[in-house]
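What follows is a pair of complexes built around chain A, which joins chain B in one and chain C in the other.
Showing the complex of A and B:
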């Protein structure tokens, strides 16, 4: 049962990040991109390990850390995501004078946190994984040391993040107190055995929801999101918008799937999540309408997407949640890559008015960004449409019709602000034309990979969907 | 022997004190200390539950939380120092470049 190979994907990433930290000392400031290639190499090894373990079902530490198919699929997804982020970072870092070697190392540490989170069902191990992710994220947010906004972003992220962690661990303490265990399935079994739920259980789940709500940025726990997204280095913003959120939802899937499925008195918690989902979709989309900064706009859009993902949790539809996360990774990283493409030495163009006329001066950037935004809005034939379609249709089959109606209306609002960026790009005269640094091959590669991902998942999702259905079939409920 | 409920009440009081302190205080260092108080409230709850169930798990978990709190202090104080070097202030109301 215990198989030490379970640790292999994590060990590869860990080796990579320690090696980067070691090599960092010997490499000149101008050539730090080599460290990016070193990290990519270890990511490939780790990804290959995930692929070869697909049918093995390894576990270690007496089952506390295991690689079921869901863990492997999500790990692979996160590794791909991190690889894309590293590719878009290389040029950006030297342009923005942020090329420190620690960058890649911290990014890999953050990845390890997410890998731990998705491959355990013990709340304490999940908490430790979350902390590994969060600590690295706080440092990454503040890595632009000469930029006051970056420092402010790191500070806000750190304060609210550690505040949320305290809620999370206190919630785990309550669940441990009532069920004598921190393992999700023993907790659920315990609640099944006892007929009534004490106030401690409700408080425990409530605190847990607050803690995770901060991490996955659902309204009303979203206050930090726009500021942190705006202040952090842009590739890191792309990282924040995808990986921590996806890992958080993976944990919610493991926790609330059996809880809603087997416990009859879970109605209170269900209603709480229902209201959070509605609030998140409505408030996220409405607040996005008045944003003038593209990073803040995408921040609010990512909040709104957390609302749609919450519908999938409530509908107990695992495959649509994982499919949504897959599409979301490609379309969001793609959109941020296009934003990164509009930069030059020591300057980024982030205001909406800077996008005027981009569609004609830089047709490739304009076209790809438009496709990613249309996918985020949910237009066919992109992946964003199918992802929303699966989530909403699964929710309808679970009799969550009011939720779906609100979701559809909220995504109608979202069309307005996504299209506004496109209107700026193609229908406004540029006020002051500017030159951008176009010599950035890795970023072009990422744009094409993400474009391929979004289109492929939108037109022919069959084979990916097959893997996802296999992955969620490994869940024991 | 002191009943478990006493410890739990104390831990709840500590947790609420930490939460309120975090929300009303304007000094970054104090806010950070409030978070530490909240983590220690969780520690106390774990120990109380472990003692009442006479299981060792809860007591071991406390060591993990102490480690996490130490790591958090290292990263957090570095970030507060960075902000102080940039702005010459540690008041949270002065740190508001980004709004909306």
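Showing the complex of A and C:
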């Protein structure tokens, strides 16, 4: 149904980010918390719009912008994710001397990018959404300006990111050249009509996979991830590890769902994704074993999770992919908030050896971090277990047994490095005494929201799963 | 006439690109690149796409090349790669070049033939392009405006004076 209200979720976020820019100029304050609250207000409005549009099937711009249920669910998820990131940033920004009002504005711009990506099936629009996301991300990575590592992160992300965007647009050009369309469904229909084995088609899809592979950080396109994650301000790292990845997978779902469903000769691309998935799981987990810095460790863990998510794409199991993304958002943002909690003025504790004895010193932080790490490793009764369980069982029912075996073995490896953090927290004597700033109410709120999310999705995912199943059932493939 | 122009422009273009690679002085390379861009603009003109032709010259040969020249001004031009490093780069690049030529021949043989249809006169005109931008491509066009403002804000915040609170 063509309706101008379709624009509402994006317009609310856009208004919020522009208003933040203006307020920053006119209201000078020592801390910029109030800008965070302004952003949160607009996120609530946008989220409310998403909720009320459920079941309406609005679209605009001749279907270029189409809020189907999947788009609405993911948009809501991203809005919640960004709200959590804003909450954990408030205190962090003044503690780490990164007090720029533009921070919130750029964060909202990045969110707009993801919203655009998930609500369209036109590759050009998806590409532009990705660019909006990337441009804001490059700047966000470099915001800790008194830290050299942050500048390095921004530069690396920018150079490699532009490279990946070039691959992506090149791939889109190839697909347009063969099918005269940039719309996913007409491209697929065209390939169904003619042979899908043309070299241009393979080249086009290959380049698309490289471009998105970079954004969702699958091996061998993952080189940037640890450095960028380590250098960026920690809330931004949490953002990077969740939203761009989830948006990228949403696009892969929309692209490869119909592709694997309708094209009979899709083995080539299938095998490519198969190998990417295996490489990502194995290399991501093995490299994580050697990490001494918690942010780098979580970076490699997020690479490994991209591998598990890829299994869901290969198993054509859309609901398990979306469910995994939902759980992943809560557990990863939760883990990063616990990392942020261990900081004080101008100092973050990021080395593994700093974590010795945390479990007894700050029992709440230790306990929540342990639960998030166990969830990332996939222990029941957390959400991480159910997410992996759904993905693996769907893959088995699609006869992808070797892939599942590798996936399970890889997650066994991952247990080691997740548990090592917990061992440090509870079983090592603290080497150097240190103090952290515990007066951080928004962060505690986020820790509890994420904890609730992880436990709720692990023990009783019923309602959420129902919505996810509705969302993927409405897809036309 | 058209094929004569096509041949001339193509030869100049290829020559300019060769010059860009072979000149030791980066400033000459940049000038060669401008020449190549202008020739490409001419080729677009021959394909009945006057708008793209003009944009090619204004944006690439004009704006982007100015940026290139600024960068060349700021970095040390004379300091090239050291001989050992050059040797290190040489063999892999020969290998990559051979593979790339092989790929090109393969693709040209398999997939690309000379196109028989020329774009219609109206397609490349500014009027049609403008109309397309504000009808069919309105949404991407609007997203571009968000993209530009995001890039602008990002760039400004990164170069802002450091001691601001």
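Note that in this section the second predicted complex is superposed on the first by the 473 of 477 C-alpha atoms of A that agree within 3 Å, B and C clash if a C-alpha of one lies under 4 Å from a C-alpha of the other, contacts with A are read in each partner's own complex, and residues count from 1 in each chain.
The rule we apply is simple: contacts are C-beta pairs under 8 Å (C-beta built on N, C-alpha and C of every residue); 3 or more make two chains touch, one makes a residue touch a chain.
In this text the structure is predicted, and so the values were computed from the model without any measurement.
S.K.: Applying the touch criterion given at the start, work out whether A:393 contacts chain B, chain C, both or neither, answering first, second, both or neither.
M.R.: neither
S.K.: Mind working out whether A:64 is in touch with chain B, chain C, both or neither, as first, second, both or neither?
M.R.: Touch partner of A:64: chain C, not chain B.
S.K.: In the superposed arrangement, does A:100 touch chain B (first), chain C (second), both or neither?
M.R.: In the superposition, A:100 contacts chain C only.
S.K.: Look at A:124 in the shared chain and tell me whether it touches chain B only, chain C only, both, or neither; answer first, second, both or neither.
M.R.: Both chain B and chain C are touched by A:124.
S.K.: For A:154, select first, second, both or neither according to whether it touches chain B, chain C, the two together, or no partner.
M.R.: In the superposition, A:154 contacts both chain B and chain C.
S.K.: Which partner does A:173 reach: the first (chain B), the second (chain C), both, or neither?
M.R.: first
S.K.: Tell me which partner A:267 touches in the superposition: chain B (first), chain C (second), both or neither.
M.R.: A:267: touches no partner chain.
S.K.: Quick check on the superposed pair: does A:142 touch chain B, chain C, both, or neither? Answer first, second, both or neither.
M.R.: both
S.K.: Intersection of chain A residues contacting chain B with those contacting chain C?
M.R.: Chain A residues touching both partners: 124, 128, 131, 135, 138-139, 142, 145, 154.
S.K.: Please output the residues of chain A touching chain C within their complex, sorted ascending.
M.R.: 14, 18, 21, 30, 60-62, 64-65, 99-100, 102, 105-106, 109-110, 112-113, 116, 122, 124-125, 128-129, 131-132, 135-136, 138-140, 142-143, 145-146, 154, 198-200, 203
S.K.: Which of the residues in chain C end up touching chain A in this complex?
M.R.: Residues in contact with chain A: 106-107, 110-111, 136-140, 143-144, 146-147, 149-151, 153-158, 160, 162, 165.
S.K.: Using the touch rule from the top, collect the residues of chain A that touch chain B in their complex.
M.R.: Within the complex, chain A touches chain B at residues 124, 127-128, 131, 135, 138-139, 142, 145, 148-149, 151-156, 158-159, 162-163, 165-167, 169-170, 172-174, 176-177, 180-182, 226-227, 230-231, 290-291, 296.
S.K.: Which bits of chain B are touching chain A when the two form their complex?
M.R.: 8, 15, 18, 22, 28, 31-32, 35, 38-39, 41-42, 45-46, 48-49, 52-53, 55, 57-58, 61, 64-65, 68, 71-72, 75-76, 78-80, 82-83, 86-87, 92, 95-100
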